[in-house]
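In what follows, a structure is listed as structure tokens, so that the remarks can point back to it.
Residue numbering begins at 1 within each chain, and the chains themselves are lettered A, B and C in the order written.
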Amino acid sequence: MSGEVHAFPGAPEHEVSPEVLGALEALLFSAGLPVTLTELSLALDIDPEETRRGIEVLAWQYGAPNRGMELVHVDGGWQLRTQPRFAQVILKLRGGKPLKLSRPALEVLAVVAYRQPVTRHEIEGIRGVDSGGVLKGLLERQLVRVSGRREEPGRPLEYATTPEFLRMFSMSGLGSLPTLKEREELLRDADPAEE
Amino acid sequence: MSGAAFQQAAWTVHTEIFDGPLDLLLHLVKRDGIDLRQISIRRIADAYLEYLDKLYEVHLGVAAEYLVLAATLCHLKSLEILPRPPTDTSGAEEPVDPRQVLVQRLIDHERFRQAADQLDQQRMLGRDTFAREPAEIDGAERPLIAGLDAFGLLDLYHELLRKQATPDPTYDLRGRGPDIGSCVRRVVERLGGPGGTAEFSQVILEIPTKVERILTFLAVLEMARLQWVEITQAEHLGPVILTSRIETDADLSVVVGRIQMEVGE
Amino acid sequence: MSGEVHAFPGAPEHEVSPEVLGALEALLFSAGLPVTLTELSLALDIDPEETRRGIEVLAWQYGAPNRGMELVHVDGGWQLRTQPRFAQVILKLRGGKPLKLSRPALEVLAVVAYRQPVTRHEIEGIRGVDSGGVLKGLLERQLVRVSGRREEPGRPLEYATTPEFLRMFSMSGLGSLPTLKEREELLRDADPAEE
């Protein structure tokens, strides 16, 4: 997402009360998403011109070297964001936690694993929903690759799993994928009462 | 107290002012300025019973827990009036004074009412103060984990295939489609003879289409109403068990016909 | 209203570099949830003592009248939150109602907080009224959790409070719970002769 940072070279001349500045900061902080001048003015019950001046002063204050955020004009509103120079430390604090694959991603992976090479059309036939976006994500993550083209009208792309996929599921090769028959045997062994 | 005003007061028993019999009792103690250290059971028992009486006058149902406390108070009151039996000096244990037990309960109740007040005065997130949602971190930088193993993947695949194998049925509008009669028959056969049981969720899961599942659900409710099937659940959120109560020699078509008539099919 | 805001009366003497202050602010801003001193120190690769001084300076800076947030010690970590005096304008911007816990919910929470681990039977003994529904609601809101089973006939479930409880009530730990009133104190309060 891009946005415009308004760095005001010198202290704005405008007189804005500390109370309005504090309230603006609290509003922008808790909103998270960009907030328009109109929304801010309505919440504070002040004139939009005063809000604009407040925003200008606030943006200038965030320019100080000991501040961690900046005020960005984005999507027609104003938003507080961390300054880009802190991206690395933030990633270090929060990026270490692994991301879990989503249910749709797992479903597409399952179909690709058992049906490869498989076309997007076939995947969608089995899942019953559009799977383009999910497939794209899996391609970017290198869990799925394009393996060729199907020799049929339109020559659609075919997809297969990657070595990265095998690593993720701790398998030495595609031959290690369990089969439906094995699954049934396992279930029988595990709980004879259930059958 | 005027009739209308009292009705209003009585109504509040079930709303926010009195949250249960102890709350009511504590209110009466405070209202009548009764000293908890020299509590007179007779006085508060009378006040409590009088209040419950008024509730009956306005034809308001009183929850069972209010009556339990009323019984306890009557018992304590009788102990207070009767002469005390001589205390058994040989026993090491002091007999528990039932009055003290009641006072202790009232004190505990008051103590936690005040603790609740104090909690309410804390700086509460979402009321007095607000935090931020954690900022989105670019997912591409983070390691990915599957969250399941290869068998889990297979289960998912299997599930997808099964869903695909049972598409929503198409109906011939000229025909009748699935009917409640066949659903009743299915349940009766599944349960076997009288006394035969099955877990309700199993019965439902064995049925292939959504429409038939709903019809079977209705059929079971109707059968329960007619006492042809007993529904039991041993514990909260535990399995629901169906037990057949239909005689072996009962004519199933009569049973089915009755249900079809009842549901107006 | 209580809460654990550390307002330092004068400017802390400590020398902390503007860069560390900015990074701390950025980290706390992006984390949203409370972050411990250790986590902050690891991300910044600085000594925990320096982090502590930085937090102290930051908390002091948020005390200025033109600021909208405050630094709160909660659930064992540090968290940026809006100052209570701006609650009204924030709710106005959000257009939502403030969070409210019912009286029975507060009472059950109080019993669980002070008596944990506690059984449902014990809660109901103190309140004199069925509390199953209220308890279920608190479990769903994750303010209360099942902590184990009591070793007694029937092995009833035991309940305790959660970190979410500490966060909601702005407490750094269970040790911050206000002390329960003693029997004598309550009797004195209730004494009609002294009113």
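The rule is short, and it goes like this: contacts are C-beta pairs under 8 Å (C-beta built on N, C-alpha and C of every residue); 3 or more make two chains touch, one makes a residue touch a chain.
Just so it is clear, the structure is predicted and the values come from calculations on it, not from any experiment.
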| item | value |
| --- | --- |
| Chain whose Cα mean lies nearest the overall Cα mean | C |
| Longest centre-to-centre distance from chain B, chain (CA-based) | A |
| Selected interface, B-C versus A-B, where C-beta contact pairs are more numerous | B-C |
| Chain A and chain C: spacing of chain centres that average the CA atoms, whole Å | 30 |
| Computed distance of Cα centres, chain B from chain A, in Å | 41 |
| Rounded Å distance between chain B and chain C, as computed from the means of their C-alpha atoms | 31 |
| Contacts with 2+ other chains: residues of chain A | 26, 29-30, 82, 90, 94 |
| Interface hub residues of chain B, defined as touching at least two other chains | 130-135, 137 |
| Touching residues (chain side chain A, partner chain B) in the complex | 26, 29-30, 32, 81-82, 90-91, 94-101, 106-107, 109-111, 113-114, 125-128, 140-141, 143, 168-171, 176-180, 183, 186 |
| Partner chain A, residues of chain B touching it in the complex | 130-135, 137, 139-158, 160-161, 163-164 |
| Chain C residues touching chain A - in the complex, by the definition given at the top | 18-19, 21-31, 35, 39-40, 42-44, 64-69, 80, 82-83, 86, 89-90, 92-94 |
| Complex contacts: residues of chain B adjacent to chain C | 16, 19-23, 29-30, 33-37, 65, 69, 105, 107-135, 137 |
